[in-house]
Amino acid sequence: MSFETSVGTADADSITVMGRDLANELMGRVSLTELAFLVVQRRMPSAEETRLLDAVLVSLADHGLTPTVLTARLTYTGAPESLQGAVAAGLLGAGSVFLGVVEDTVRFLDAAGDDVEAAVAGELEAGRRIPGLGHPVHRVEDPRTARIYAIAAETGVAGTYLARLRAVSEAHTNQTGRRLPVNGAGVAGAALADLGFPPALLRGFALLARTAGLLGHLAEEMQSPIGMRLYREVDERAKYAPPARE
Amino acid sequence: MSFETSVGTADADSITVMGRDLANELMGRVSLTELAFLVVQRRMPSAEETRLLDAVLVSLADHGLTPTVLTARLTYTGAPESLQGAVAAGLLGAGSVFLGVVEDTVRFLDAAGDDVEAAVAGELEAGRRIPGLGHPVHRVEDPRTARIYAIAAETGVAGTYLARLRAVSEAHTNQTGRRLPVNGAGVAGAALADLGFPPALLRGFALLARTAGLLGHLAEEMQSPIGMRLYREVDERAKYAPPARE
Amino acid sequence: MSFETSVGTADADSITVMGRDLANELMGRVSLTELAFLVVQRRMPSAEETRLLDAVLVSLADHGLTPTVLTARLTYTGAPESLQGAVAAGLLGAGSVFLGVVEDTVRFLDAAGDDVEAAVAGELEAGRRIPGLGHPVHRVEDPRTARIYAIAAETGVAGTYLARLRAVSEAHTNQTGRRLPVNGAGVAGAALADLGFPPALLRGFALLARTAGLLGHLAEEMQSPIGMRLYREVDERAKYAPPARE
Amino acid sequence: MSFETSVGTADADSITVMGRDLANELMGRVSLTELAFLVVQRRMPSAEETRLLDAVLVSLADHGLTPTVLTARLTYTGAPESLQGAVAAGLLGAGSVFLGVVEDTVRFLDAAGDDVEAAVAGELEAGRRIPGLGHPVHRVEDPRTARIYAIAAETGVAGTYLARLRAVSEAHTNQTGRRLPVNGAGVAGAALADLGFPPALLRGFALLARTAGLLGHLAEEMQSPIGMRLYREVDERAKYAPPARE
């Protein structure tokens, strides 16, 4: 009984990834971004698809001292011998609350189908937030959004999801009289979906992008550490509240 | 008291990464690979540097059903709700035995300095393996090695580390009468060092590359799962050996 | 502004956990199990509660070469310098498919309320499996189940959840004419709920128990490794299926 | 070809752990602490050994809002759907800087052998800190230390390692004229070594203990969250220092 895979294999003389000879067809010819597209979609992206995918990845790589960054830097403080542990710990916080929006937005757009007005009305009635709309920092416009729409238009990749997300935003404004910006995670999700990636994998591209960002923060932590100082300060400001004793 | 960082920041209207406006200077203009270079080295790479860095990342992205891949796929089997957990678990196995060679090779080359013959002789006397030489699958030539050397030469980035690694290989052949190939992890480390990355960060680029590879395996696991079957087979073939009872 | 916590604090002379002096009131007086109860429930358990909690934890600690164990042992193979990475990777697979049943069972029992017959009928009509019933290995009886019920009865801790889980099993047999065993994860969840733990924390006790089990497997991996052999065998039996080239 | 293990196995009717029937010989009869001892040492501990092991585990379970706790709570903030991710992220920071002392102390005592004076002198000359001595908070006495020594004496388990650690402390005072307290991690390591655990596994018991402590913090985070507030405050106080542009 065998374990079948299409991703990669190696023998004495060669390494193969998705049917391509790694050394001769991929190394020096494709970027990491193109390789990531290839291993998930099993075909090479066009130059236009690559440009949009890179824009999305770059848009998701960093947003300052976020919880994933603090987690990675605190972990490095305690376990500098294991860079993989610091990166892994950082990625573990990229869950439903932060980067999950990338996926949630696309699942909402899938469920909405063409009747966006009804889908938005349903969420509003249920008192739920609409995935992809609103951002605690970028309250008027998320600077990533217009840029992704522009690149998607330039490259001709813009499709159903990006169009539907815009319709969601307009429906929300119409129905509430209040305009919320389409946020960067939502537009990233819609663009990735228009690039052909399945919903269950979308969060994975946020993880890939964040790994690049984390390397920058870990390089900085090695030179100008903040992890230990953050801990010491929290420790000093900790207020102990003993539970009632029965 | 503030927490200073150069990596990134955001305000209501803009996001900044390493002093560049994310939307206008980076998205649509740089690749994820260029961004990863930028956040670690704090400057943009040249086109030649980017080409070599992409070649290194592509070379490290996949090598078939390795332990890190099996770990990620088994983790997904048990926790499909958490793609970040599967990626993180996969990366945690990228430690000293497998991807550590990327870093170990550079540390050895640093310690060797110009007297490569003496450094090799010292390791041989001590009965230690020389980092960067030999591979259990690629016994004669690692197909990645000549390709990295060629791209490094073409791009003009080849420097001290790649030269010294070649000298290590030659010294080893001279002293032992037996030729071991320079392996892909070793040449990747030397190329990253010639690109200017510090030793402590090198493993991080292997993690970035492997994250891309893991996305391919997790996409495949969603379609053609092997995790559960691997577990069931091990379970069936497990042989229980009770310890002696006192 | 302060960060308030009731769990623990330390000053020059003492360490406090949940309002108790660690050295004088806890060390030498309470077990790790009692401490785990204390930090979550903010009160000391009775001897009876401790006995049941220990029985639940012991019941969840190991089940042979499961995916979490294989993951931990493969991770150790690649990164022996980081025992914390091997344990963490193992725990990451303890998600919805395996140990999630502990929590899912209790959430189902909560939703069912007193009308267990209707809740079971609803799941059967929807074609869903009922959490806590059935096991791929223990097809007739899960040996842990009767034992937990017996200890819960002996200690007088058995309450609503354990009773309701039994009623679920009986309703399922009545409605289908087919008897499925109550499984060990389900009964563990019901017992933990009767001990007063909230649903969102239940999986945490499975993680605590598995950590103990993983230490045994990692000790064994150091002496009698199987990780590398497992990888090599999968690698030999890997069958490469290149994707169609467009 | 089979995969041999002594830890555990299961068949239709029974589960076995270290040669014991799980349901009948272990559940209801042994504590989680006894089980952890059993799976690593392959024999049941005596009541005295269990008492000391519990005291060590309890001593290591919590020390307030440490980096591992902050990491777990920040991870939960971003990924509340994955309790295993929060626990795993917390454990990943339990590396060489914090809990590594447990292991480092024993390795130092092993290397020192009977000539403790010479070993201490060697470290002092090399300008290295002696593992197990000194604590940033407990500057005069670590409250855990005397308690572990007392319980080890009461239980008759105190052996070579605890004696040698005391000798190290005395040698250090004699040679420097300055007394540093034996710290809680160091004495825990020595006690675990006297209990018969191998150095490479010692960190694992710190991980087990910390898992219990993390459950308390995660329960608290669910009720009285601090993760999001910690992030927002760091974000507000972040000072952006753009790198020089070439």
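Just so it is clear, A, B, C and D label the chains in written order, and each chain counts residues from 1 on its own.
Following the convention adopted for this analysis, a residue touches a chain if its C-beta (ideal position, glycine included) is under 8 Å from a C-beta of that chain, and two chains touch if they have at least 3 such contacts.
What you see is a predicted model; the values in this text were computed from it and never measured.
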If we look at chain B and chain C, which chains touch each of them? A, D
At the largest C-alpha centroid distance from chain C we find chain B
Counting shared numbers against all numbers at the contact of chain C and chain D, is it over half, same, or under half, different? same
Rounded to the nearest Å, the gap between Cα centres of chain A and chain D is 35
If you average the CA atoms of chain C and of chain D, how many Å lie between those two points? 22
Report the inter-chain centroid distance for chain A and chain C in whole angstrom, where each centroid is the mean of the CA atoms. 31
By residue number and range, which residues of chain A touch two or more other chains? 1, 3-6, 8-9, 18, 64-65, 79, 81-82, 84-85, 88-89, 92-95, 99, 230, 234, 238, 240
Name, in rising order, each residue of chain C that touches chain B in their complex. 64-68, 70-71, 74-75, 77-82, 85-86, 88-89, 92-99, 227, 230-231, 234-235, 238, 240
Can you name the residues of chain A that touch chain B in the complex? 1, 3-15, 17-18, 21-24, 26-28, 30-33, 35-36, 38-40, 51, 54-55, 57-59, 61-65, 69, 82-85, 87-89, 91-95, 99, 137-141, 143-144, 146-148, 150-151, 198, 200-201, 203-205, 207-209, 211-220, 222, 224, 226, 229-230, 233
Show which residues of chain D lie in contact with chain B when the two form their complex. 1-6, 8-9, 16, 18-19, 42-43, 79, 81-82, 84-85, 88, 92, 234, 237-246
